[in-house]
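Common to both upcoming complexes is chain A, partnered first by chain B, then by chain C.
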Partner chain A sequence: MSYSIWNAFQKEAGAELLKLLRAPEFFIPTLVMPSGFYALFAIALPGSHQNAEYMLATFGVFAVMGPSLFGFGVGVANERARGWLDLKRASPAPGIVYIASKLTATLLFASVSLGLVYVIAGFGAGVVMEREVWVSLFGVQLLASLPFVLLGLTLGFSFESNAAVAVTNLVFMVMSALGGLWIPVVIFPPALQSIAQFLPSYHLAEIALFVGQAPGTHHVMQSLVVVLAMTGGLAALALFSWARQRSS
Partner chain B sequence: MLDEKTNQPAIIATDLVKTFGRTRALDGVDLEISAGGITALLGSNGAGKTTLINCALGLTAQSKGDIRVLGQKSGHALARQSTGAMLQNSDLPDLLTARENIELMASYYPDPRALDEVLGLCEMREFCDVQYKKLSGGQKRRVQFALAIVGRPRLIFLDEPTTGLDSDARRILWKTVRTLAEQNVTIILTTHYLEEADALADRIIVMNEGRIIADAPTTEIRDTVGGALIRCVTRINARQLATLSAVRSVNFAGRFVEILSADAVASLRALLEIDPELSDLTIERPSLEEAFLGLTNRTNGKTDP
Partner chain C sequence: MLKRVLFTAISVVIVAVGTVMLSLPTPVSSNETTFDPSAGLMVRNIDVFNGTTWLDDHDVMVREGRIADIGIDLPASDDMQVIDGQGQTLLPGLIDAHTHVFGQALTDSLRFGVTTNLDMFTAPGLLESNAALRDSLDQTTLSDFYSAGNMATIEGGHGTQFGVPIETLSTPEEASGWVSRRIEEGSDYIKLAYIPGQNRLPSLDRETAAAIIREGHAQGVMVVAHISTMQAAQDMVDDGVDGLVHLFADVAVSEDFISSARVNEIFIIPTLTVIASVANTQSSAQFASDPSIETFLTPTQAQSLNNNFPGGIPGFDFDLAKENVRRLHEAGIVILAGSDAPNPGTTYGASLLHEIELLVQSGLTITDALHAATRASAETFDLVGRGRIEIGARADLVIINGDPRIGTAGIRDINTVIKNGYIVERALTTPRTAPRLEDAGLGDFETGLDGETPVSWTSTDDSMMGGASTAAISHIQPGANGSAGAASIDASVQPGFFAPWAGISMGLEQTGSIAEYDSIVFQVRGTPGEYSVMMFNSTLAGTPPNQRFEVTNSWQIVSMEIADFVDFNPEDFVGLAIVAGPQSGEFVYEVDNVRLQ
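== the complex of A and B ==
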């Protein structure tokens, strides 16, 4: 039995990866946008060099958010709408294999997306950090995909495929802009700054800024608690929306 | 008959009810399908065929009653391991090839068929490396059929398997279904087409508005259905009409007479010969439901002492 689950996982993860690799409308934006934006903000714009390190922390979170939200939000909604999930449910496929395979493919894409940002940071923007800092920052940012995966799952189970594309895009934009992933929230008017407190992207960026030893004070413990609570809440929400669409 | 692997009948449904809001998609279905053989569920859209299959697969929870599949609760992991399905509205991943889709489905089952065996059975070698989205509608249905059989299931559900298939693809599918039935696999299919049920099934179950209105071996049904309903105004009396060639029954409805004939041309030729002034003539096929309602009445009549 354990062998057959492992076998199913291997096949399924391979299939997920193939699906993503064969969808340029997915992988070009998710791979090119973060590194492109980072190059623009941290290298091309005048006076941006001193911000390169700060932005590495926030753009890293941005880089993992795309594949997580879109891979799960749009991917699941689409497969649900076309009846593929029904056929899987009728088959002996364990549900956990589907989620684990999608997660594996998503993390691989997130790693590549993150890697491209790091290459530009290290070689283009001249960011210099200890090796341990690079590694721990990478780990933290990769883990940051989890709450977005759960949020994506909730969207995928809750919206029909066209609506899911629109809603996921909206969520993606709000998380990026108001969470301070492009420009620091301190520049925003106070009203907008207070919104950031409710976004996981903001708190994940704060943790990344702390781990990456970026300038400024970061309330890491507070953000960590908020992120853990939000992740738990999103997990419950994902489970709830999964159960709800099943019973309908 | 019990399934040779699981030692259970294929399906037992007891007073199965499924409501969607105010609609009763299944309205008290009692049904036992023994293992082996091909059973066709026949009926118009909305008759409850698909809901019945979805309940059996565990995709839809029933509102009342019980349904057991190969001795298990529907949707149970053990039932799913022995079940294959081709659903009505279920597209496969667009960006995977037919081969990749089949291999993926095979990986879910404990003892699947080899890829090559499936490709051979379904005669789909020439397009097995094409991405699903580039296949024609008929080819897509064939890949879906391949997914239903790849797990070496004991019980296969085919929900309108030949809708959208050309005659060639239909022939291949029918042939494969018969091959599987010879291996004592139980096959349950839904269809709109009487010809399909007639060509494949040993047993036909007719559903209407969530209920089973007829359930009989195909041979019995073949005698009843077919033929034509001749409606006309004639001065010939009923007794004489009944003696005409191929006439099965005669029924007066107002000024019209309705003649159920096994061979409309023969009956009409004889009728026109004795009544050249016959008027207001229409000929129609008796609707399936009418024909089967007739069958249930007759069977009831037979069994009641």
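== the complex of A and C ==
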């Protein structure tokens, strides 16, 4: 990376962060909702103590999904609508700088969102794990934001800003609920359970459950292959929709 | 400026996340979990009291629940847990030669280093599986006990006032049948109450007491007597009793008594602790306030130590009792340490430590007092492998901080208790409730899978939750450690439900309260892996309250605190399940002697 690109990246990423920090409608739900939901499901509901460790794995995936999907899906669509992307295209900094800055900001928000869930798990819900397990689970869940970033990018490039908000919300809900991030999918009717197999959220949660040493059998290799394939597919889709909106 | 925003944000997030990651709770590694029992245990450079004499600065090696070697500079393997015993003292597990095993007796006494209790009257129902349990070298939270079972007394006499069902007798002719029924129930020796010449309680007459002694000896068991006066003690000695479970404190012991006690080779368990309580000396309350004792007392134990006997029982002079102990000991009569716990002013475990101190106060050397609390009892009651530190003896051990031969610290400051080669968790986890009289058996599986009514045992699996696991149960013979039978479970745990299970469960016909019990105890062996106990309330919300445990190929005793089942309401108990899972796989395992305690 040449100096100018690095320089551009630092400024762009700083600007992106400032923008997000000035948008409470983005960062409040992104940061508070996962930890709030986790507190409800793992502490407040009767009998829920039993499942706090299990839910940490799934709610961690949920926590990174928010900033990834919304930061990219809604963010990119809005900026496109305001002509900001056209301006970017005209500027000397390559497109990669734009994506990298957004990704950096998203990972930072995802880390904070995830960290809050961990604080509640460890100090509120009584989850106790080996240090390596805590750290590796965190790492896995942070990495889990990548497929959602790509999905968000695709949505942002494909929909106009109003539509993007609605579609991103829908995707977010389906990924969360049917992917088993709130309630284990095995409780759902078989038809809904089979949908989970096609959702990255489900497979990412399975990997997180495995890493978090949660009870039950998790076919981790299978989920890993599926997640990698889906990530590849989403990357291709994101590139395609980027190219398409550029040419439009 | 924008660059600074970026780097500030990155640094803040990294520091914050890093701090959280480093402060999140991790499992506390206790001695219990880090200790690999197959590798054994080595206590180094410790002063050893072997039950008779002292071996200073020795190494003691424990393997497979027994003492494997004693020496100096013994070689230890790398995976062996090594305890540095510098400045400490190693004693054989203590034997309390006079207790009554009720309620929490076995866990409470073990916390204070009493690894064997000699029970002098309890409910005979406890004895059923006891012989097998005490021979086991499995990890346990319970002390072992030997028992008199029911005691011999007359209708309305001493022993009948506690609410424990008791078979009384009143004539010499009944003695033979009475003794044989006790032996059948599992009594290891016979205890009789002979307290003539007072008007508070009726007593066996001398002829009947003598007949019980004769019958006991004819049927091959020892007979011991509860007395409270020298005259009664003299009668029993003359009639051939093997030992006295109290010392009289009504008069100074006579030379005649001493010589007949010596001729008849009787032993005496003075129970100074309980005499001190009857004599209202408050010495137990003082003892209980020592931090090294108090820390390990349950509220029930503390309360009992602060109690005294209801006042006004004549004939108990504590100074006379100590003087009698001294003279009998000097005359060579075998003195055994016993507390008579849980009588007012005494409690399990702690009171034996108190008794040892009171024996020293009476004039025994600390060595003699420790002998009275270990090897002397083992030899008198023929307890193989107990009360001594010798190669091949059971690895029931107590590590004391300091040297009891120096100063007055005594042996109150217990560092570690080892039972069957395993370090015992001494810390109290939950406050306990009031004491109770009987254990509740939920299933001993002696003759089949039907438990004591109204308990029924069935197979259980997660198919009710849409899972794919299956379980089949059957009755097998023999059961744990030679008992007649056990439940065998063939469980196939399959993915499906998010926390799959398969195993055996019991249900009550209607909801019941188990609030008076502290723990659920059972024996198990089978396919190694992770298993759970699930507790059921009549209202089911979410996953049933459960605790995990590990199973190995050999029988082990599992004891779980009921209070540790999160969200479980003990007032509304409808059943429990002992299941394999949630890791999937095929499990074959056996369960025996499920009871509440």
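Heads up, the rule we're going with is that the second predicted complex is superposed on the first by the 247 of 248 C-alpha atoms of A that agree within 3 Å, B and C clash if a C-alpha of one lies under 4 Å from a C-alpha of the other, contacts with A are read in each partner's own complex, and residues count from 1 in each chain.
To be clear about the criterion, contacts are C-beta pairs under 8 Å (C-beta built on N, C-alpha and C of every residue); 3 or more make two chains touch, one makes a residue touch a chain.
Since we're looking at a predicted model, the values are computed, not measured.
Once the complexes are laid over each other on chain A, chain B and chain C both fit without any clash.
In the superposition on chain A, A:G73 contacts neither chain B nor chain C. Put chain B and chain C next to each other and count what each touches on chain A; the higher total goes to C.
In the superposition on chain A, contact of A:D86 is made with chain B only, not with chain C.
Touch criterion met: A:K11 reaches chain B and chain C at once. By the document's definition of touching, of the two partners only chain B reaches A:R22; chain C does not. Once the two complexes are laid on top of each other via chain A, the angle at chain A between chain B and chain C, using C-alpha centres, comes to 160°, given in steps of 10. Closest approach of chain B to chain C, taken over C-alpha atoms in the A-based superposition, is 7 Å. Residue overlap on chain A between its contacts with chain B in one complex and with chain C in the other: 10-12, 15, 18. Within the complex formed with chain C, the chain A residues making contact are 10-15, 17-18, 45-51, 54, 104, 108, 111-112, 114-115, 118-119, 121-123, 126-131, 134-135, 138, 184, 186-187, 215-217.
The part of chain A that touches chain B in the complex is made up of residues 4, 7-8, 10-12, 15, 18-19, 22-23, 79, 82-84, 86-87, 89-93, 247.
Of all the residues in chain B, the ones that touch chain A in their complex are 57-59, 61, 75, 77, 80-81, 83-85, 87, 89-93, 95-96, 100, 103-105, 107-110, 131, 144, 147, 151, 157.
By the touch criterion given at the top, residues 1-7, 9-10, 13, 16-17, 20-27, 466-467, 495-500, 541-543, 545-546, 566-567, 581-584 of chain C touch chain A in their complex.
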